[in-house]
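Remarks on the structure that follows.
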Amino acid sequence: MENLGYLLAAYSVIWAFVFGYILFLQRKQRRLQRQIDALKESIEK
Amino acid sequence: MNKAFTKIFVIFWKDMLMEFRTREIIISVLVFALLVLVIFSFAFGTGIDVTEMTAPGILWVALTFGGVIGLSRTFAVEKENSRLEGLMLCPVDRAVIYWGKLAGSFTFMLAVAVVVTPIFLALFNLPIFLPRLALVIVLALTGFAAVGTLFSALAVNTRARDIMLPILFLPVVVPVIVSAVKATAPVLAGAPWGDMLTWLQIMIAFDIIYLVAATLVFEFVVEE
Amino acid sequence: MNGNHALRNGILWGLGFALMIAALYMVFVYVPTEKHTGIIQRIFYFHVPVAWVSFLAFFVTFIGSILYLWKRQEKWDAVACASAEVGVVFTTLVLITGPIWAKPVWGIWWTWDARLTTSLVLWLIYVAYLLVRSLATEPEKGARYGAVIGIVGFIDVPVVFLTVNLWRTQHPTTIIFEGGLTTPMLMTLMVCIAAFTVLYVLLVIRSAGLKTMEAEIRRLRIMKAE
Amino acid sequence: MNKDIPNSSIRAVEARGLEKTFGEQRALRGVDLTVSRGECLVIFGPNGAGKTTLLKILSTLVKPSAGSVRLDGIDIRDKPAQIRRRISLVGNQTFLYDNLTVYENLKFYGKMYDVADLENRIREVISWVGLESRLHDRAGTLSRGMQQRASFARAVIHDPSILFLDEPDVGLDPHASAMVSDILGNINSGSRTVVMTTHNLERGVELGDSIAILDRGKVVYQASREELSKADFRQIYDRYTETGR
């Protein structure tokens, strides 16, 4: 079971990046959605 | 078709004429390329064994970085005074503008190489008369000019125009740099043609691919 | 229409999740340990699919770029840009997991072999792509310049690979698979590739959706200014 | 505003529903314009009204986001080279190469347009703008006013039938600015169609056969000279452009 550390490191890096990217997309989406809502509201007024 | 060639030459000659007046591109690129040569010879030393290993690389680093500096001026010149708009108003295909500017960039780089290469060969105590090296230089600089002219037009329209050109240009021309270095080594060592044939073929393929591709997409870079 | 959209998305996320679980099960439980290099060989099952996906991503950017310049529809640009973004994320992963694998097997972090070097050059080209997009003076110009780089950069890939391959001929495949790929190994690899391809599609849909939202914000801002 | 006259005559300039958006900025929002052959249309408008964008679209430099342009009856998207041969633009900047002489600049542009008998043509256009004595000086050494004259010479080297002038007198002193209208009289001795933008209300009204006011990307006022007495144009301009506010 030598090199297990390397294996774990590789898999955790992959998951960290994938989840990090998904999180980044989600936050950006929420921010953009808020902007759209605010703009729509200010236009309707 | 004939007319297109005439127009390409008219644009090319205009760039030559401007350069005769100021010599700003050739002089600055030349000085820069020579500086790179000198710095690298300090960095690597110049013993005979070292020279064999590093000389081709040093020459091409100097010509590549010098080339980028020259290419960045290609369209910066047209951007001043909105001259590019004057060019765009002319009744010519956009590809003609590309080829006209390409011919100019190529000639400037070639002029620099013609001066830098003999100096390089002398500094490293290598034979001076190497016709095969001329072929390598022409093929490599064609590739540089094909990619560089396109990206120069693109970079002048972005916000970080000075840094954008090398960032775009260098990774794309990696095959040319590798091939030029690999083809230069056998020339310097006096090895037969066979050793450099593959690399010459790669450069020819690269040149053709990028001349065609850039001709096709150039209009999308200059249109507003 | 919107409900359909959500349903399709839900199915895709479900499928992606199930495939990922299956992939992890196969990698860590089902597939036997490779004899020569030991447990570390299991990086292969994720490293290769990630590399495959990054290549696929840049290919999609290439196609999207051509379609955008041809049809001038914003959606093609959104796909091209989103795919390049995902491609850069995955290429980054290739460049990180590659050395993590190389260190215990070859004793070195990095080797200038054709695949690694090509990945590195690709990464540099597409980082430049994203930079140009963010530094263009207006979004429409950014889209056009991006498309040009997406085309010109992609046709470089085979040339770079060929050149680097001739430059340094070291094939990691021959070192890693002395025994060749066994059936369970191949099955596992296939499931992993499927899982990552679905993940890629999901991420691109997500990211392209954000591009559409940004365009929507620009339109709303214009309306507001009226 | 302008009546549609079906097939009666080909208009020199005919723009329909021109729109242009730069990012979040709408430079033009539906511009319709018609200019008859040989006519001079003067477009007024405050800074940022979209005047420059409009001229760039009309002269094929910028693609409109929507709408169409016909010049001498030809859609500019169909035959760009043929269109470009007939038109010219004098922009805010001169398009001249500072390190080349005026002569070399003219020769360069003349060759790009395949001008026949170029030497004589250069002599002719240079006399129109009264720059004979400086013909062999570098463009960069000339004063702003002289550069502008050289720019006019450059613009008419290929004898265009339609001339677009974007604020040709901006940045010039009043004397030089008066020269612009003289030069315009010289170079326009034939029957060129002229579309020009300007800030200078008095001179613009003198020059124009018809007048339009562009404000925030729209044509808000259009009239022929006969419909307009000079005295109240300032008021009209202020009213339509809301500069009084």
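A few notes on this one:
Read from first to last, the chains carry the letters A, B, C and D; within each, the first residue is number 1.
Heads up, the rule we're going with is that a contact is a pair of C-beta atoms (placed from the backbone, for glycine too) under 8 Å apart; a residue touches a chain by one contact, two chains touch by 3 or more.
None of these values were measured; they are calculated from a predicted model.
Contact tally for B-C versus C-D: the pair with more C-beta pairs in contact is B-C.
Taking the mean of all protein Cα atoms as the centre, the chain whose own Cα mean lies nearest is B. Each chain's centre was taken as the mean of its CA atoms, and the one lying most distant from chain C is D. Between the Cα centres of chain B and chain C there is a gap of 32 Å.
Spacing of chain C relative to chain D, judged by their CA centroids, is 50 angstrom.
With each centre defined as the average position of its C-alpha atoms, the distance from chain A to chain B rounds to 42 Å. The set of chain A residues touching two or more other chains is empty. In chain D, no residue touches two or more other chains.
Among the residues of chain C, those touching two or more other chains are numbered 221.
All chain pairs that touch, listed by label, are A-C, B-C, B-D, C-D. Residues 56, 59-63, 80-82, 84-85, 87-89, 91-100, 104, 108-109, 111-114, 138, 154 of chain D are the ones touching chain B in the complex.
Those residues of chain A that touch chain C in the shared complex are 1-4, 6-7, 9-11, 13-14, 17-18, 21-22, 25, 28-29, 32-33, 35-36, 39-40, 42-43. For chain C in complex with chain A, the touching residues are 38-40, 42-43, 46-47, 50, 86, 89, 92-93, 96-97, 100-101, 103-104, 199, 203, 206-207, 209-210, 213-214, 216-217, 220-221, 223-224. Those residues of chain B whose C-beta lies close enough to touch chain C in the complex are 147, 150, 154, 157-160, 164, 167-168, 170-172, 174-175, 178-179, 182, 198-199, 202, 205-206, 209-210, 213-214, 217, 220-221, 223. Residues 69, 121, 124-125, 128, 131-132, 135-137, 141, 144-145, 147-149, 151-153, 155-156, 159-160, 162-164, 166-167 of chain C are the ones touching chain B in the complex.
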